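The chains carry the letters A, B, C, D and E, assigned in the order they are written, with residues numbered from 1 in each.
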Amino acid sequence: MAPQNSQFGLSPGSLVYIGPEVERHTVLKIVEYNDQFHREHTPEVEECHVKGRDEVVTWLDVDGIHEPEIIEQIGKIHEIDSLVLEDIMNTRQKAKIEHFDDYVFIVIKMLHFKGRQQVTLDAEHVSFVLQKGALISFQEKRTGDIFDPVMNRIKASVGKTRKNGADYLLFALMDLVIDHYLVLLEKISEQLDDLEEQILKNTRHDPINELYALKRELTLMRKYVWPIREVLNSILRGDSDLIQPATLPYFRDVHDHVLQAIDSIDAQRELLTALIDIHYSTLSNRMNSVMKTLTIYTALFMPLTLIVGIYGMNFDNMPELRHPEGYFYTLGAMVLVAAGLLFYFRRRGWL
Amino acid sequence: MAPQNSQFGLSPGSLVYIGPEVERHTVLKIVEYNDQFHREHTPEVEECHVKGRDEVVTWLDVDGIHEPEIIEQIGKIHEIDSLVLEDIMNTRQKAKIEHFDDYVFIVIKMLHFKGRQQVTLDAEHVSFVLQKGALISFQEKRTGDIFDPVMNRIKASVGKTRKNGADYLLFALMDLVIDHYLVLLEKISEQLDDLEEQILKNTRHDPINELYALKRELTLMRKYVWPIREVLNSILRGDSDLIQPATLPYFRDVHDHVLQAIDSIDAQRELLTALIDIHYSTLSNRMNSVMKTLTIYTALFMPLTLIVGIYGMNFDNMPELRHPEGYFYTLGAMVLVAAGLLFYFRRRGWL
Amino acid sequence: MAPQNSQFGLSPGSLVYIGPEVERHTVLKIVEYNDQFHREHTPEVEECHVKGRDEVVTWLDVDGIHEPEIIEQIGKIHEIDSLVLEDIMNTRQKAKIEHFDDYVFIVIKMLHFKGRQQVTLDAEHVSFVLQKGALISFQEKRTGDIFDPVMNRIKASVGKTRKNGADYLLFALMDLVIDHYLVLLEKISEQLDDLEEQILKNTRHDPINELYALKRELTLMRKYVWPIREVLNSILRGDSDLIQPATLPYFRDVHDHVLQAIDSIDAQRELLTALIDIHYSTLSNRMNSVMKTLTIYTALFMPLTLIVGIYGMNFDNMPELRHPEGYFYTLGAMVLVAAGLLFYFRRRGWL
Amino acid sequence: MAPQNSQFGLSPGSLVYIGPEVERHTVLKIVEYNDQFHREHTPEVEECHVKGRDEVVTWLDVDGIHEPEIIEQIGKIHEIDSLVLEDIMNTRQKAKIEHFDDYVFIVIKMLHFKGRQQVTLDAEHVSFVLQKGALISFQEKRTGDIFDPVMNRIKASVGKTRKNGADYLLFALMDLVIDHYLVLLEKISEQLDDLEEQILKNTRHDPINELYALKRELTLMRKYVWPIREVLNSILRGDSDLIQPATLPYFRDVHDHVLQAIDSIDAQRELLTALIDIHYSTLSNRMNSVMKTLTIYTALFMPLTLIVGIYGMNFDNMPELRHPEGYFYTLGAMVLVAAGLLFYFRRRGWL
Amino acid sequence: MAPQNSQFGLSPGSLVYIGPEVERHTVLKIVEYNDQFHREHTPEVEECHVKGRDEVVTWLDVDGIHEPEIIEQIGKIHEIDSLVLEDIMNTRQKAKIEHFDDYVFIVIKMLHFKGRQQVTLDAEHVSFVLQKGALISFQEKRTGDIFDPVMNRIKASVGKTRKNGADYLLFALMDLVIDHYLVLLEKISEQLDDLEEQILKNTRHDPINELYALKRELTLMRKYVWPIREVLNSILRGDSDLIQPATLPYFRDVHDHVLQAIDSIDAQRELLTALIDIHYSTLSNRMNSVMKTLTIYTALFMPLTLIVGIYGMNFDNMPELRHPEGYFYTLGAMVLVAAGLLFYFRRRGWL
């Protein structure tokens, strides 16, 4: 479906996909599990009712948010507010949490690096609707299947996910997303260290564009990560009954990681600013050095050129010209002048 | 009526239009509707009493705020405070909300782009008085009829407006205004992306004025958008009985869009600052390159000019001049000196 | 009386005038009024007891704060704390409000422009003591009689002042002072617009001093205006019984104007900063252009000068010199070299 | 006693003097007074018990904080916590207030200017222990006897000190210290005004070091003054019973002066920043002017030099050289070229 | 064990050591003491149960956090949450406090300088688990045995540690860590003073890299120190029963030292920024001076060179050349021109 840029003029609550164009179709997947039991299948839209079963946790993963009919159908089946559906389909919506009577709605952003050589952040819009005993996750597009590690852990019954409820599943998925921020930051940090070394050792001539690209990525990253703090604060305040007190310590851990990411972003931004300063200082120094070379050349050759000019004049009566050793004395005088000037520049510290 | 710049020295509560000069006359329009019923007409000032009818929603749209007599009459009919009327006529008043016993007063700003080529923000002063079952809207001037999409939706009975009260109508109009901010920001963002590409690729010689114009627009925009947050916070806190709890989720949505606009403004301002830095770096680099060219020329030609000057001297006794190959040896020496200097500059990385 | 700079070492509560030297004598004026009645007279210090009459509002205007005896006498008659009197006489005291058992003490600053050509702010120290049914106002000096508009309105019985109490009078006077800020800001804004145009069109060579003077005035203005917010917040919180709830909407209006002034100051400061940036960019560009001119000249003439130098050498054996067309070939070669260099510079974008 | 730099590795509560080396011995002085009575004497350490006498106020002034034995003895006699004694002897401790069961502990900084020509701040560590009916003051060193004005006022029974309790004495001493800040700020302000004039009139070549020194002093001053706000806030909140409500208005006055000092510091720092900007702009302008001079010289003389070079060539066949008026025509052409170039530079605004 | 960079994709609560590679083995030590009794021994992991003995304080010091089995065993014995153990092993975790039912978990950072010549901060991850009557401390690695001063004081029964509980021991260890910050800051301050002197006296050519290194260290330091404030605030609010009210004054003292460290860091950062400004100003001044030299040389020699060029022309008819004194008059004219230019430059203040 063709993407749109805004909802201007549309009736509020209209379902419109806002984001880059997508070619693929939406893929649905249902995972049901409890301590003893595990089942995965790919349902039709009509049959994906996941709500309210006590004995198992049901996870509906919706991979694709660009088809309004599908999102609308899922929303109708699970009684999700149309404004929530609007947010699920709007990739411009930043991270947030909203509490409703019988579900919690959470938006976060999965971040990836696009391309190889240059760092470019790619943000994937991820939403969760947590209901009693069920979780619905919405992914913008599948870049290397971001929820696979958790799916595999559930299948292999590794870790505590199988022993816990849907709130723990929500935690596990959010933890995955946020731990990935730290992985990206680690990579940016390495790039920055490389750049720092090149700048300090002065082996790179124009690092400003790369510094700028990194700054831009960090600014973008901060914009995505910052509001997640508020999401986690709301969870930790116990605003929702759907997240049990026993799961809160896990969310506190995620909160710590978010703070760690923000700290790391801020530290790297400060480092970048300092590097830009150093770069300018280097530019100034190089300019200074060029100017000094120019000045020394000029100051050295101009007097000499004047001297040879004098003895190139054609006056009838120029006694020096007649002197048999005049030429050699003149050359000697020129050497003395040059030596004197060089000595003077050395004393001023220009050589 | 001739515009005025301030109320200095006037008795407080005096009705004076403060803003740019206007030529048109005020146009009044009343829209009455409920689920089954819809009527539009253009009343005289005296007959536009809209307050307090239970069965229908009455919307009085006042298009023109520069005629004190009309504003005063409307104020008298609907028992609106004279300080409120003063604010309705003062285009310098920023966005705000005030709660009175039986009405709510809201000021916001509709933003447009003036002209085509260069970005210039044009702010239209828009006020609302929400009363029980009625809404009065005041527009500074009609630039392409800003409330038309809502008027049409009511007429066509599209969306939920016809099924809801005056508070939903207020929401629909505010939503329209704020969604338009996002449209403008989208355009500014595109302009900025163009400029960024030109600066990074160095195909634009003096982008500083345009960068400055964009910065100015963003600063202005922030000034208009920022106080709207407070307006919506007050609504969301439930400060007024006139806005029903069922309508609050819609206002929460508008609040989200305002935050999105502010975030976007801030991100673009940061980007602008970074672009200005890059621009300066480019200037410095270009200067450096000019200076190097100068220095290389000077350093290359000065010694050669000295040599030819020496053999232009007129001493009687200059043995080299008599040598039959002297001229060619000298030219050879000059080539060697030039080659040596070029080699030296290449090693210093200046070529 | 000779002015003093500080109270260092003096016993606290000592009455000392701190401010610029004043030559005039203090002038007292009493205005009594109610709905039907109005009287103005100029009392002696001893007889100016204004407190506590129910049926009329009494306004004592003290024009001059540099004579400790007069201030002390007035303070004694009206039972004003000695620390308050100290603040009335200290022109360095910033805006503040203090609530006492039976009076409220308010300090604000009246701002004027000094001189004509250059913008220089002049702050006048204004204090109010609001008592039951009475207001005492203290002005540092009379520059064009700042309270005249209100005095005239009372005399002419225009507006609501005559129908209201002393708290409304306080509002009317504060409103006058604060509306004048907006008038000044309007003038500064016009100056800034002029300057902006000159800078953008590059028709002004050194605007930095004027930019700096404007920045200084705005900084000063902010310093004076900012604390008035707190004064009005305290009034609006209802901290004092002497200001009746019915008068609060008027003070809310003043509060709005103060915020408007602060917003305007901040916007103009931001604009100034941006203009300074543009100015520097212009300086850099001009430097670049100068350097390019220099470099082109040097690069163009140096090779030509070398060529003519070569054929100015005096070697016996220089075959070219003997060639009958040598001179013209050489001139031709020089034209070719010059044309080649000019072509090269044009391709590098320097011409 | 030799000074120490830190308490690292020492048992907490160990009494160590941290600060610059001191040669003098500690001097003790006791002043006892009430409305009718006044006595001053210099006790031995053992006999200086000042606590708890109802009828008189006892003030023990300890001048010297570098001798641990004395401080320890005084602490033991008056039951002062060892952590408090540690703070009394640590000149790095910033201003603070601590409330204990039967005393209040306050640290502030007395500031002086060191030297005459250059501004250098010298901070003196001052602590107070306020007990019922008694005050102990600790001074780091006696620079011109800072508490003398209060001592003299008590002796001469001037002002209200003799009529009030120990809390008023504390106020009087703190007032003295803080009023001195305003005196210093006045001096810095004058220095800054001088510097401003020199910079604006461009009569000073390198003001950056002095600007920097002033900035440093102001930064230091802010560091000392800022935490005093918190001390006074705590007093004004009524955190301590030892300070009577009747004395609070006096402390409110001190609080005002502290805010005034902070405002003044901030305004002067902003001014400094602006001056640094102007200084850089001036540097840039001067550079521009130097470069223009260089460019004009070069551009003017290079073409002329080329012309004379051409007619200095030694070709056999150069018809112009044979022309009897050739020399004069050439000189004429050179004058025309020079005039044309000068005209061109004037039109470009370089002359 | 090989280090790891993140926990991405791992099941939450997995014990992984995140930090630089370590070669050593973990060393355990138990110190038991009370007023009369003291015992130190090195237990096996299995036997190090320290919890809950009333009569003595038991301190288990775990030196090494890279072996998951050991940490896990200790965690199991003392019933420590697996998320806490994760934090103990994650050297990226910043300072924090967490309160559990029967223990308090605290993370702080011990800072050292690495290397000698250049300042490089080395952060050691230190965690504490305070239980009733017992403290477990975890150190990342032993750099000069950071807890030795406290161990020795306990052994020698110096100070109050032996007389107090486990909470006092926690205080003593935290105090040690934080006092060390002040020692480091003292050293940085000295380095900065040296650098300042060199820059102000202009005896150092390129200080930017060292300024940058210092700035980086201070930024890092602030990042480590800042969150400790929150740790201490939580303790001082009395959030935990395990820390007795009698110990709080000691923690308040530590809190003061943390604030002192932060103040010192901020002051030094501000100083650094100012030094960078001065450095740029110096660079600009030096450039200006170089440019002036160049310009003076050029302006002085170009006219002279033109004059000698004129009389080097070969026109047949140049009357001056025939004049017997022409040469000497010309030299004289050149001296006059040079003197005039020098006089002009002196008047413009360039010499």
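General remarks:
Going forward, a residue touches a chain if its C-beta (ideal position, glycine included) is under 8 Å from a C-beta of that chain, and two chains touch if they have at least 3 such contacts.
None of the values given here were measured: they were computed from a predicted structure.
Any chain touching subunit A that also touches subunit E would appear here, but none does. If you average the CA atoms of subunit B and of subunit D, the two centres end up 42 Å from each other.
Computed centre separation for the pair subunit B/subunit C is 26 angstrom, with centres defined by C-alpha atoms.
Listed for subunit B are residues 284, 287, 291, 294, 298, 302, 305, 309, 312-314, 318, each touching two or more other chains. Viewed as a network of touching protein chains, the structure reduces to one closed ring of chains, two contacts apiece. Ring order of the chains (start at subunit D, first neighbour subunit E): D, E, A, B, C. Looking at the complex, you find that subunit E touches subunit D at residues 149, 153, 158-161, 171-172, 175-176, 179-180, 182-183, 186, 200, 249-250, 252-253, 256, 259-260, 263, 267, 270-271, 274, 277-278, 281-282, 284-285, 287-288, 291-292, 294-295, 298-299, 302-303, 305-306, 309-310, 312-318, 350.
Within the complex, the subunit C residues that touch subunit D are 5-9, 11-14, 81, 83, 86-87, 92-94, 96, 98, 206, 208-209, 212, 215-216, 219-220, 223, 276, 279-280, 283-284, 286-287, 290-291, 293-294, 297-298, 300-302, 304-305, 308-309, 311-314, 318, 320-327, 330-331.
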